[in-house]
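Going in written order, the chains are labelled A, B, C and D, and every chain counts its residues from 1.
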C-alpha cells in the first residue's frame, strides 16, 4: 500500500516543522528554500540526482540483504572500502579511456565492498555472531584503515589533505551536464550528477531481476521468510547468507564510483557521509522494491540537496537535516504500523460496507 | 560583499574556524559592512558553495582549510573576475590569494616556553585526529622543547583516527591524566573540541596547558600557559578590507608578519617570568632572522627530533 | 442432523441449573477469519465437558477467549451465574479459571518452580514465594500423583512432564475451572489414562473441567457432556451418554464419513530404503537416534508409531536432508541400493530429491510452505531448480504457474487461486498443496510426517487415498504419525519408536492399540520396561 | 612497568568504563525484556546534552543529572512506542534515534547558547566533583593497598560509585525479585507472562524506561562529571561499544562489569601507550585506536563462547496475525 509511507512521511515533516519553529525559524521559508534549491533549477536537479545516485546504491544494498532476512548496517564501511578500491584502480592502472576506467572502477568498488561484507557474513553464517553489531564495528574499522592509509601512505608528499592525489584525466567520467552539452543543450552546468546514475538505474533493474526472476532470488527470499523451510528445500543458509552479503556489500561499494570517481576525482576521508545509513531508510520507504527505492532515493536526494541550500542561504544549522532524516527513518521505518493499522481497519470497514 | 566559507569543523570549533569568524566580525564592526558566511555540510558541497557564492557576485570569497584547495583549482578559472582567498593551502591561480601559516614557528616558541615552564622536564602534546596538519604542530613544538632543554621528554598522544577525535573531551581529559602520571606538567593541545577537555582537565589537575589557533588563555585564567595563535582573524580581516583588489599570490603568515604568535595577556601574565619572555623573544628573533629554521613536517612527512 | 444448532443449550443443560460457565454470543474474528461466530455454551459445575471439532473449527480460540488470552469481538461471559469482564488472563485467573494450552506457555530456561510462581508470587521478593510454592507443589504432586522435580529446568523435561507443570500451575492458582486444549496429543496411552484419572479426581472434588480433543474415544471415555464445533460455530451439545462416535463425527463434518481406508494388500517389490545403525547426537549432545535399522520395500507403506519427541522427527529430517544444525550423524542410508552421504553438500534436500525422495514434512507452516509466498511459488518449492521450471538463467514463472494450476485442480485445493498467499489457505488446503507437490513428483520413496494434522476429515480421506495410490504404483512410503488410528489404517507394517530406538515391528492385522501403546511407552507388551533412561524429549 | 603506572591505568580504567557500564546495564534491562536497543548511543548523547545545558543554565549538577535522565527517557519512550506499542522494527528505531539525537542536540544547543552546539563550560556546583573516601589520604603511603585504595578506589565522581553499585543491584533485582523474574520471563517467552495474567506491555515499558534512566546517568556523567560541558557527538561511539560489551557479557550483570572493565582497560592502555611494544612487534598508534572494534568482532565471533540472546529478543509480541 503506497499510502502508508506517504502519510508517515507527512508526519515526519510535520514534526520537523515543529522543530524548525522551536528554533525560531519559518518552516514555510525553509521548505521554499529547499524546494527551489533542489528542484527549482536544472542545477539543483543535477545535484539532487547526484545524491540520489548514492542512495540508490546503498538502498539496494540494504534491500537485497533485507530480502534474505539480513540487516546490513555496514553500508557505510562497505562504501568506504569501495572508495579505496575505486581509488587504487584509478590511480595505479593506466586507463586508455574513461569508459573502460568506469567499468574497471565499478568492478573494483564492488569487489572491495563485497570483501568488506564477507567477514561479517561469514561470522553470521558460521558462528551466529549478530551481523548488526559486526557490521557496525566494521564501519569503524574501515574508517580507521582509510584514515591511516590516507594520512600515512596514499597522501602525496607535501599535501596537507588526508586524501589521495587527483585521479588522472583519463579516469574523469562526464557529468550529466557535459553529456547534455555534447548533445547540444545546456543543462545544470557544473552540477554533480554524472553517468554513474545510469549504472545505479541499471543495478536497480538487475536487482529486480535477481530478486524476482532468478533461482538465487527465489532461494534468498525463501531463506529470508523461513530458515527451516529453506533447509527443508535444500537451500544452504551459509551459502545464501554469504552470497547475499557479497552482493549487498558489492552494491554499497559500487557507490564509490559516484562520489569518489565521479565527484571528488580523488579519495578523501569522509567521502561516504552517512549514505550507508540513509540507505536503510531508503530501502524501507521503498518497501525493498527497486522502483520504490529509486523514488525514495530521489526523496532523500532532495532532502540532502535542499538541506545544503538551507545552510547555504538561511541561518538554520546544517544539523537540521540529520533531525529530519532521523524522523523520516523513524516514521517510515519503525512507526509505520502506527499509520498502517488504522488505515487497514478503515479499508476493512469500507469493504465490509460494500460486501 | 565579501564572503566567508567555514570548513566542516564548523565556525564554532573554538579554534581555527572560529578565529576566521572573529576576523570577519571585527571587519563588520569596524567598517559597518556586511558579509555572507556559510558552513560546509558535506564534501560534495564545496564546489557547489564556491560557485553559488561566485555567481551571487560575492567578492572576495575567503575559505578556511586546505580541503578547499582541489575544488578551488577547478572553480577558480571559471570566475576570473572574482577574487578568492584560501587559508592553509597553496593554490596557484591569477585570482587566488593563498594564505599559509608557519605553524612550526609558533609551535617552536610554544615548545621553548613549555620547556622552561616545566619543572619535571617532561612536557606533553595532545593532537586531535591523527592527520598531517597536526603533526606539523607537533614537530615544531618538539623542536622548540629540545632546543630549550635537549634532555627534556615529550609525551605525544593523538585522540583518534576518526573525526570523532575532534570532539572527544572525555578522552582528551584522560590523555591529560595519563600524561601527567608520566610526569608531564605542561601540555600543548592541538585538538579542536577535544582541546576543551584537555585544558579543562589540566586546570582540574593543576598543571599547565597551551591552547591553539585562537587565544584560549581566558578559558582558565592562570592555568593556561599561553596559546599558539594563528592570526587567521587578521588574514580574513585583511582580505575583507582589500575587497575586490585583493592581490593574488602566496601570503606566508609567519612570526615576522605576526601571522603566528604566542598569546600574552593578563590571563597568563602571572605565569610568564621575565626569563621566559626573554627566551621566547630571543628565539623568535632568531627565527625571523632565519638563523633558526623549524623543520616543516609536510616537506618530508618526518620530524628530525623525537 | 442429530442436534439442532438453533438450541443454544440442549435439554440436559438448561439455564438455572448450577452452571460454572455460561458463554453468550461470543464472536471473534482474526482479520478475515471468523474463528468464532456468536457462540453460546453452558458448562455445568463439577462435570467434565468435552469439546470436539475439526482443526480450525475455533475450539482453541473460544477457550483462549474464556481465559482472557484473546478479547472477544462480541458476547458476554458468566462465571457461576455472575457476568464477569474477562479483560485479560489475570481476570480469568481471579475468576478461578486455569488453562493448559495446546502449545504450552512455559519459560523454557526457567525451573519448574519459577514457572509455577510466575505471576502468582506472594510478594516483591522471590525467596518466600519459592519456599511456599515448593511445599505447595509437593502437596499437589502427592495428592494428584503428578511428581515433577521442582528444580528441573523445563526444557529438560519430557512433553508429558511439561504438561504436568502446566496443570500444577493452574492448580497452584486454585483454579476450580480447568481447561485442557488437546492434552493427549503428546501422551502415550498410559500417560493419557493417568491424566484422565487425575481429571476424574479433580471432578470428584467439584472442579469443572473443559477438555478439547479430536479423539472420539476419549470423549466417550470420560466426558459427561460434549459440544461439537464446526467452522466457528457450536453445532450441538449433548450428554455423552446419549451419543456415539459416528454421530459425533457426522456432526463435526456435517456429512457421513468413512473412517476406514479400504486398500488392497501390498505387493512388495525390491527394497527401496535401507537404514543401518543410524545414530544422531544433537547440538546439546543428547543422543536422539540410538541405532536405527529399517527396510522399506517398493509398494509398501511403513508406518512409524510413537509419542511425539521420540526421534521420529529426527529420522524424517535426516532422510529429508536437513538434520538439526550441529548434530552428529553416523550409520548408513541407501536408496535403491545407492548409499547416500549423511552430511556435506551431497546430503542436502536438493540431493535427496535428486535421489528420488519426496517429503511431506511434519509442519507444513514452518517447513513445507513459505507462508508469505503465493501458492504457485510454493508449488515448486524444493524443486525450483528443476529444468522444467527454468529457462536459462531465469526462472520460467509462466511454466511454474501453469504447473501449479494443474496440481491445485487435481488435488481440489480450495480456493483454486495460484496467486493467493499460502497463509490465506486453510490448514487442510495448505496441506493439499504440499502433498500435491511431493506426490506428483512421483518419488521412489515418499516421506510423510503427520499428513493429516490440522486437516478436516474430508481432506483426510482424500490425502489417504493419494498415499495409497502412490504405494499401489509400486513406490515406498514412510509414514510417521502420532495418530494411532491413522497408522493402523494406512500401514502395511508398523514400527514403534521410543527414545530413539525401534521398539518393535507389528503387522496391522495382529497389532492391538494396547500392545502398540506399551511399545510406545518403552515396554515390551509381555516383559517389563526395557529401559527407563532418557525418556521422550521434545 | 612500575606500580604507579599500573595504578594510573586502572584509575583511568575506572573512569572510562563507567559510561560503558551504565549504558551496558541499560541495554541489559531493555534486551532482557526482549527489546533490542542500538539507540544507547543516541540516548547517552541526548542525556549528555540535556545535562550539560541544564547544569550550565542552573549551575546545579543535580538538576543537570535529572535533566539528562529526562532527555534520555524521552527517547526511550519513543523507542518503546515504536517497538512495543506499534510493534515496529527495533533496530531501525534505534538507528533513527541515534541519527535524530546527533542533530537535535546541536540544533537546540546552537539555539540556546550559539556555541555551535557546545554548552558553556560548567564548573563548581554545576559539576560532580570527585569525592575522597574516608581514610584515603591517611593510608596513601601504605605500600600496595595505599595507592590501590586512595588512587583507584577513592577519588571518583559519585556517579562512578553509583554505576558500580548498579551492578549488584541489577543482579539482585534480576534474580531475587518478582520484577526480575517477570522481566527475564518476558524476554524469553512473552506468552508465558501474558497467560500468567501479567501485562507484557507494561513490563517491557518499565524495562525500556529503566534503560532510559541508566543511559541518562551515563550521558550526564560524561558531560558534567568527566568533562565540563557538552560537545557535539561527545559519546563518540561508546554506545556501540557498550552494546558489544553486553553481548560479550551474555546479558549478565557481573559479566557486564567484567566486559566493560576490559574495554575501559583497553582504552586506558592505548592512552598510556600510544604505541605498544610487545617484544619484536610494535602495535602502531592507529592499530591501538582500532583495537576495541577489532576485539569486539573477535569476541562476537564467539571465540570466547557462543552468546545466546534472550529468545524473544527483537521480536514484537504479536498475538493475532
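Criterion: a residue touches a chain if its C-beta (ideal position, glycine included) is under 8 Å from a C-beta of that chain, and two chains touch if they have at least 3 such contacts.
As the structure is a prediction and not an experimental result, all values here were calculated from the model.
Visitor: So which chains are sitting against chain A and chain C at once?
Guide: Intersection of chain A and chain C contact lists gives D.
Visitor: Measuring centre to centre with CA averages, how many angstrom lie between chain B and chain D?
Guide: Centre-to-centre distance between chain B and chain D: 35 Å.
Visitor: Approximately how many whole Å separate the CA-defined centres of chain B and chain C?
Guide: From the centre of chain B to the centre of chain C is 76 Å.
Visitor: When the C-alpha atoms of chain C and chain D are each averaged to a single point, how far apart are the two points in Å?
Guide: Whole-Å distance between the two chain centres: 46.
Visitor: For chain C, jot down the residues that touch at least 2 other chains.
Guide: 31
Visitor: Which parts of chain D, given as residue numbers and ranges, touch two or more other chains?
Guide: Expected reply: 117, 237, 286, 289-290.
Visitor: If you look at chain B, which of its residues touch at least two other chains?
Guide: 130, 161 - these are the residues of chain B that touch more than one other chain.
Visitor: What is the shape of the graph in which nodes denote protein chains and edges denote touching chain pairs (line, ring, star, complete, other)?
Guide: other
Visitor: Can you name every pair of chains that touch?
Guide: Pairs satisfying the touch definition: A-B, A-C, A-D, B-D, C-D.
Visitor: What does chain A use to touch chain B in their complex?
Guide: 47, 50-51, 140, 143-144, 147-148, 151, 155, 157-163, 166, 190, 192, 259, 263-264, 266, 268-271, 273, 304, 307-308, 311-312, 317-318, 321
Visitor: Going by the contact rule set out above, which residues of chain D touch chain B in the complex?
Guide: Per the stated touch rule, the residues are 4-5, 8-9, 11-12, 15-16, 19, 114-118, 121, 222, 226-229, 231-234, 236-237, 267-268, 271-272, 274, 285-286, 289-290.
Visitor: If we count contacts the way the header does, which residues on chain A are in touch with chain D in the complex?
Guide: 19, 22-24, 71, 73, 119, 123, 127-130, 132-134, 136-138, 140-141, 144-145, 147-148, 152, 277, 280-281, 284, 317, 319-327, 329-330, 333-338, 341
Visitor: Which residues of chain A touch chain C in their complex?
Guide: Contacts found on chain A: 209, 213-215, 218-219, 221-222, 225-226, 228-229, 231-236, 348.
Visitor: Under the touch definition given earlier, write down the residues of chain D that touch chain A in their complex.
Guide: 38, 78, 81-83, 86-93, 95-104, 106-108, 110-111, 117, 237, 240, 243-244, 247, 284, 286, 289-290, 293-294, 296-297, 300-302, 306, 309
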